[in-house]
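Chains: A, B, C, D, E and F, in written order; residue numbering restarts at 1 for each.
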Amino acid sequence: MIQNLAFLPILLPMLAGVILLTSLFGKNITSRRVTSVVLSTITFLVSLVLLLKVQADGTQVYAIGEWSAPFGIVLVADPLSTLLVSLTALLGLVCVLYASAGDDEKGSFFHPLVHFLILGVNGAFLTGDIFNLFVFFEVLLIASYALLMHGGDKRNTRAALHYVILNLVGSAIFLIALGVLYGVLGTLNMADMAQKVALLQGDDVYLAKIGGLLLLVVFALKGALLPLHLWLPNTYATAMPVVAALFAIMTKVGVYSMMRVYTLIFGDEAGELSHMAQTWMWWFAMATIAMGGVGVLASKDLRKLTANLVIVSVGTLVALVAVQTIEATSAAIYYLVHSTLVTAALFLLADLIGRQRGDVADRITAGPAVAQPRLLGVCFLVAAIAVIGMPPLSGFIGKVWLLKATLDAEYTFVFWPLYLLVSLAILLSVAKAGSTVFWHHQDSLIESNATDSVEQSRVHPAQLAALIILIAGAPLMTIFAGPLSEYAIGAASQLHDFNNNIKIILSGGH
Amino acid sequence: MTLLWIPLLSLLGSIISSMTGKLTRNQSTGLTLLMPITALLMTISLAPAVFSGEVIRSTFSWIPLLGIDIAFRLDGLALLFVFMILVIGILVIFYARYYLSSNDSMPKLYAYLMLFMTAMLGIVMSNNVIQLWFFWELTSISSFLLISYWWHKAEARNGAIMALTITGGGGLALLAGLLLLGNIVGSYNLDIILASRDIIQAHDWYEVTLILILLGAFTKSAQFPFHFWLPHAMAAPTPVSAYLHSATMVKAGVFLLARFYPALAGTDIWFIIVSLTGLTTLLFGAYVALFKHDLKGLLAYSTISHLGLITLLFGLDTKLAAVAAIFHIINHATFKASLFMATGIIDHETGTRDMRKLNGMWRFMPYTATLAMVAAAAMAGVPLLNGFLSKEMFFAETLHQQLLGSMSWLIPVLATIAGAFAVAYSARFIHDVFFNGDPIDLPKQPSEAPRYMRLPIEILVVLCLVVGIVPNFVIDDILKSASFAVLGGYVPEFEVSLWHGFNLPLLMSAIAVSGGLLMYTQRHYLFQFHASLPSLNGKKLFDNSISALTNWCQVKINTIENGSLQRYLVLMFVVVLFFAGWPLFEMNQLSGQKPLTPVDVHNAMGAALLMIGAISTVIWYRTRVISLLMLSVVGLMVSIAFTRFSAPDLALTQLTVEVVTVILLMLALFFLPQNSPKESSSMRVLRDIGISAGLGIVIASICYALITRPLESISDFFLANAKTGGGGTNVVNVILVDFRGFDTLGEICVLGIAALGIYKLLINLPLYIPATDSEGRPWAKERYPVLLASISQSLLPLALLVSFYIFLRGHNMPGGGFIAGLVTAVAFILQYIAHGSNWIAERLTIKYRKIIASGIAIALLTGVGSWFFGRPFMTTWFEYFDIPFIGEIELASALVFDIGVYITVVGSTLMILASLGKLTANEPANAPSKEVNI
Amino acid sequence: MIEWIISILLLLGGSFVLVGSIGLVKMPDFFMRLHGPTKATTLGMALLLTASMIFFSSTQAGFSAKEILISLFLLLTAPISGYMMIKAAIHHKLDSIERTKGIDNIEDDV
Amino acid sequence: MELLYASSVGVLVSCGVFLILRSRTFPVVLGLTMFSYAVNLFLFSSGRLSLNQAAVLGTSTEYADPLPQALVLTAIVIGFAMTAFVVILAIRGRTDLGNDHVDGQVPDKNNHNNDNNNKVKV
Amino acid sequence: MRSQMRLEAKFRWLPTPLRSLLLFIVWLLLNNSVSAGHIVLAVILAIVIPLATSPFRTKQPLVLKPGLAFRHLMLVLYDIITANVQVAILILGPNKKLTPGFVKVPLDLTHDMPITILASTVSLTPGTVSAEVYPWRECLTEGKEPEERFLLIHVLNLEDEQALINTIKQRYEAPLKEIFQC
Amino acid sequence: MLETVILIVFAMIGLSLLLNVWRLLVGPSVPDRILALDTMYINTIALIILYGMSMGTALYFEAALLIAMLGFVSTVAVCKYLLRGDIIE
């Protein structure tokens, strides 16, 4: 089993999905929930074991079907991918847990779909083959389409329609990009592609450039970079919050793909094409941050606010990816984990708060008091401090780190002011939101709201557990910032070590 | 280690006090006070060492890779602040015990206060600038909580947000400045930074760094024009104001000036910015304070003014000015804290802070009045009180600077004017409240405050007096050691004493006192003048700009994210057009070196049909059914193209998929309008034509460029190993089930999930069922045409046979599980069309979701099977067996895998169509769909 | 000899297919157009397929008769396709040329 | 022939994109389908064009590049799944939103064109 | 009548013997092989597939006269060829000469399958295309079988309506009645 | 000789296809277009068979077989759509 460890983060969710579809362990909802939670816990634990193994023994290359790279599909479990796999598994566990309080019953196949989504995300993180990346993109997208409509209403349908159509076009562009790249390089393994890109001559360079730039479009769409971000705010704000929380990882897939493709294939060693997309990523990222900031200020409800926070975080991450230094990449890795956890937590919180505020729901306006002000208030405070990036929680480390990492970058003079201003906008908006939602009560609304309905919407233990897992990330990531930073820098160094990567992947792991 | 305990105890106090909800007030206060008192004792024990010039340090590793450590440092400056923070903190906590009403939660206030204390202690003791910033931001957060303590009041919420935004913004600037500073020096360690003055000031970034750090300091210490948050922070309970605005929060800003004085000060830019900001703030605060009717408002502006004074002192280019600044920090803390507490008593006892109502309080609370009057006199700078001493030093220093060149005389003049205003507002505080006739409409009958509520004030007032009378005796050590820290080791000779003889500063003091008193007596002229000024309301400005900004953002967002998919798509296509098109122009030659193949008639005709089909689809796109027929032509021609260019598997797949797609679209067409209205403007159509033509040309060019170039690919490997390694001669199929079987596994997952998703979309969907077609024709009567029904029954076994054949040969010849699955599915679809979904439902009892799941499971477990042979996932196994009579047969794991594919495809396709069919099949039409057969 | 047979079959088949398509274009109303494709084309296809059958049986080792299967399919399905199409045409009340007899034999299908 | 092939792909792309940019779901779906045909042809051609060289061992001496064919096959299947989903989503949209505009609402000036099928029974 | 129409086959494992035979032959045709392996497989398939699809089969009369059926098949094939030549001539000739028409042929057959075969035959033979089978089930009261059924055909060139009806009934319908014994 | 014949037949089939397309484009009715498309399906079978013969390969036979099957199903589906709207009811 241990030699197949790298494959388990893909196998387990798939198996879980299948098991849940066939109701192997019982048909009633409780047994389905228990099965789902247990299986996602196992996936998470296994991911952690893999992470530890990679930490101990170095990158694991798993040749599926025993066909080694570049001919077969290999999985590359390096520190970065395993970290993200573990994060995904954790998020999956959290969402399954949270939904077990009742959200999973608002539509069919919630649990299998979540596992399939995790399958897709994990596959995208682990694969070393670019076409296989496409396949896993599709797996996660189709699962996300289905989940997006879970328990949905009319607004939801509209957002989903946009999301699906845009992504279908995106997938088509992905295929065009793959066609161009294969047509020039004659290979699909990313390490092998990197090797071949370095050797390109003449007009082939420009063809490969087209491929690379088209990939940027695809990843920008998935990651929600301006001007391809427009689907995100409505999609995330209208999806069921637990689904939106799960989606927090999905934009990261786009960012991760950029990291891989533009560090490995079009990185330092790519000859004429080295750092080809850097400038574009920079400006896209800046525009995204600005747009996210505007969106944050304009948000009228908590979910929309969080969705815009996701956009800002994506812009920030891509800016870091664009710097293409070990320091920036490591900052990106830390910030990625932090922002995923905290935005997911905010989506869940928005849901819990909304449920306790009657018709006002999560709108940022005066309304009835929440039934559990202390619990939700403390959780919100923690999440808010983390997302604003204030001490003492993880956000501030991310902020310090990313500012430090971009200090010597080319466009710092734009990035720093922009980032700081948007941080201020976030500070203002989140503080206002929290203060309005928790403190600004409208008495007339309190009376009209029947107490028993609020009583019903008290936080379920499963929801609380899920929320706490996410929120605990913020203090834990601060306390263990030392080892985490070591990990992130290690992972980033590995990502930037071109020759070693090529050697490891193409030689099958040793 | 002891050092760490000082903030840690305070933090512990915060935690402990938050848990004292069940205890009595005295117990709660006692328990809370235990921690800062212990910390104070510890500090006292450390003081001698510090006085002797030692700097105590304590460092723990935290994030070494980022240069962030937990590092504390106690020098003279820090010690002074630690004392101030702890002493006044203890007094405020004690005071708050009596101040809070029974409705207010004491543990909460204490917890916040102690948290705030922790943050302040952290700031002043940090030896790492990032850590300093950490605590700096923590003060913003805890002050936010403190200011909004009475959160049900709008002004508390708004005041808190304003304070947070301004100081938070400053905090961000500070962070940027500190990071730059750290980068210049190469370390975040304060010791190193303070020792690197020359490097810093010579660096290109010095100015930016300085301005950023000053922004942090100025926002925190409420310097003009960032002052306006402070008056609104007065919505907090008075103990909070007493703490935040005398000794702590606002002092953090001037602390920062003092802290970085050795590293950053000494340049012209420092002096100009700091002194002018200080001077402006000093004057502005003093002036406005006079006109405030609210006691706390007066004190707030007075605070602003005094902070301006301190800032100005740090901005004067003499060493002694810095000493004076430090001295005034101490003095301001004592008298301002006592004044706030006195105000709290007055408010507490009378129910108002409006000086227009408060009159003649001397009669009701003589004791408090005395204390307040002494403190106010200190504020005014009356001799024998501490305020006098530092103000005297200040006046003296204004005379010794050369900041404004020939206009430097302006500074002492303006300082004197500010001093006069200070006297005037202090006089107003004393006279308007305690004398000036009888009170008007007081909400409560005033009386003297409880004994112990006055105790903290008494202590502070005594301090004011003692320092004022025998300054050397009391504060010499601490002032010296703090100055030592600020001035970086060199302390100028100075003597703090009551009497320096008749000199210019004394004259200035005299002018200030007499001018102030004159101003106060003639105040009605001033009030009239002030009323005639256009009101410049910082809060309003802030609120308006925030709401203007928010509105602007909302308008922008609504225009950009206007919910128009077409716009989003156009954006995406334009980006693609640009990214794909731009490198084309960089190419030297589009066409490659590969010899071109001549066009033959079949290709020409196929291409013509393909293009005709495509263009017709567009032309008829409004008449949907015709458009669909045209699309079928395209699909057919695409599969012909695949046959033509040596891809039989693709041709088969394309054919089957195309038919299923068309059927699906036809199903959809029933539930959708059958025609599209014309609604795009000609301009839009033109734009769209432009974009699509552009994309078409670009993609075609890329395609042409690719296929005219030779290719060296990894495919030779597949051709060479398909038979030997994969056991099949159809290389495409071997790739699909073996070399890249993992892709196929993902692909069937996609298919399965899509089916689940579709089921999910359709369940309980109430559909509009059109009674007629688009031309108003009612539907035909015959539901299941007889001939179709019987022939389709006969075709089913035949089709299954064919699909089995296609499945079986796939490994060696064109075919395989996927195509076979679709053929089976199409055969069943024909049954659905011919007999309806209820008829099928009665005969097919397996649930589709289970079919899908088992298909995926078979494929997956086949892959896992190779583990038992110690091989990685999906390692193929195949063997040829020679069975007597029957002959040689090949068994391969890939075949089992392909069975999984087959089953998934059948299950998914049927689930999709059955879900749709089920929509209309159930009776009555309105009832929610049952979970039949899925 | 075999080549001759194949050639004749091919030419015949091609002609029938062509005739079917000519009928499709030339006939004045839908009902009349239907006859060409349902009959001529089907037969044409059968002939072409037979030609192919003979061709592959003669050129490659062994007898090849798969083509029969396609013919069988066409023979089974062509009448039904025609039937469905004519039903659709009747439903759409497509005009038949004036001299068409027995229009009143058609029942109203709604 | 290469030029012809490329032009065909170009025409398909153009027509597909044009349809994708329409305002009603059905043409958009048609456009997506056509676009994916174009993309499949494009991806297929990345292995270059070859006549009568199907990658079935033993049938020829030289073989067409089998890898893009396998990729296109996967792409076709995935495309089918996606198209199916979006078709059903379009139906769902029509039901939920009352019209088949991609934005869920018809711009005001066209209200008279809103739905051709307003004669409906439930 | 010597024997009765049968809806159920003799052996339950072989519900449709003729169909099984067809499958057997088709399998061998598809594989171009009469190797032992394929014969075994063909037998298995010929038995398994009809059994597996039997739920999707409505009960229809079985062929009771295979010999006659074969002869009829040959006749139809012959007719198809001649019919097509005729039709080709009609198509290529001037349109003006054609007098199309709709003809309603009363049927003696009552079961769907024989009617389908008849209709198909008619469609494939001289200038006629089957258009409708009247009456529709939807026009009957539920569960009732129609008393008399009609086949509506379109004729490319209608000369003598009654003659045509007679030809169809005698040449094609009568043998079918015989074959299915219905 | 066979090659020439095949070429001629190719031309015949090509011509037929063009005639089909003509009918497909001019209609006038939807059933007309369906009929044209149906005929086109069948003519493509001929095309593929001829192609197989000219190349001497039987690899494309299955494609022809599938067109025969699938063309029928799609024609039936469109007709059912015209008749009943709902093709699976």
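General observations
In the analysis below, contacts are C-beta pairs under 8 Å (C-beta built on N, C-alpha and C of every residue); 3 or more make two chains touch, one makes a residue touch a chain.
The shown structure was predicted, so the numbers you read here are calculated from the model rather than taken from an experiment.
More C-beta pairs in contact connect the chains of C-F than those of the other pair, out of B-C and C-F. Computed centre separation for the pair subunit B/subunit F is 61 angstrom, with centres defined by C-alpha atoms.
A separation of 16 Å divides the Cα centre of subunit A from that of subunit B. Here the CA centre of subunit E is 24 Å from the CA centre of subunit F. If you average the CA atoms of subunit B and of subunit E, the two centres end up 75 Å from each other. Looking at subunit D, one finds that residues 20, 25, 40, 42, 45-48, 52, 54, 56, 67, 71, 74, 78-79, 81-83, 85, 89-90, 92, 102-104 touch two or more other chains.
Counting partners per residue, subunit A has 131, 135, 138, 142, 145-146, 149, 158, 161-162, 165, 169, 176, 179-180, 182-183, 188 as the residues that reach two or more other chains.
Residues of subunit E found to touch two or more other chains are 26, 30, 119-120, 130, 136.
Viewed as a network of touching protein chains, the structure does not reduce to a path, ring, star or complete graph. Chain pairs that touch one another, listed by label: A-B, A-D, B-C, B-D, B-E, B-F, C-E, C-F, D-F. Interface residues of subunit D, counted against subunit A in their complex, comprise 20, 25, 28, 32, 35-36, 39-40, 42-43, 45-48, 67-68, 71, 74-75, 78-79, 81-83, 85-86, 89-90, 92-93, 96-97, 102-104. By the touch rule above, subunit C contacts subunit E in their complex via residues 15-16, 19-20, 22-23, 26-29, 31-32, 34-36, 38-40, 42-43, 62-66, 68-69, 72, 75-76, 78-80, 82-83, 86-87, 90, 96-97, 99-103, 105-107, 109.
On subunit D, the positions that touch subunit B within their shared complex are 1-27, 29-30, 33-34, 37-38, 40-42, 44-58, 63-67, 69-74, 76-85, 87-92, 94-95, 100, 102-104, 106-107, 110, 113-117, 119-122.
Chain contact summary for the complex, subunit A toward subunit D: residues 131, 135, 138, 141-142, 145-146, 149, 153-154, 157-158, 160-162, 164-165, 168-169, 171-172, 175-176, 178-180, 182-183, 188. Subunit E meets subunit B in the complex at residues 19, 22-23, 26-27, 30-31, 35-37, 40, 45, 49-50, 52-53, 55-58, 60, 112-113, 115-116, 119-120, 130, 133, 136-139.
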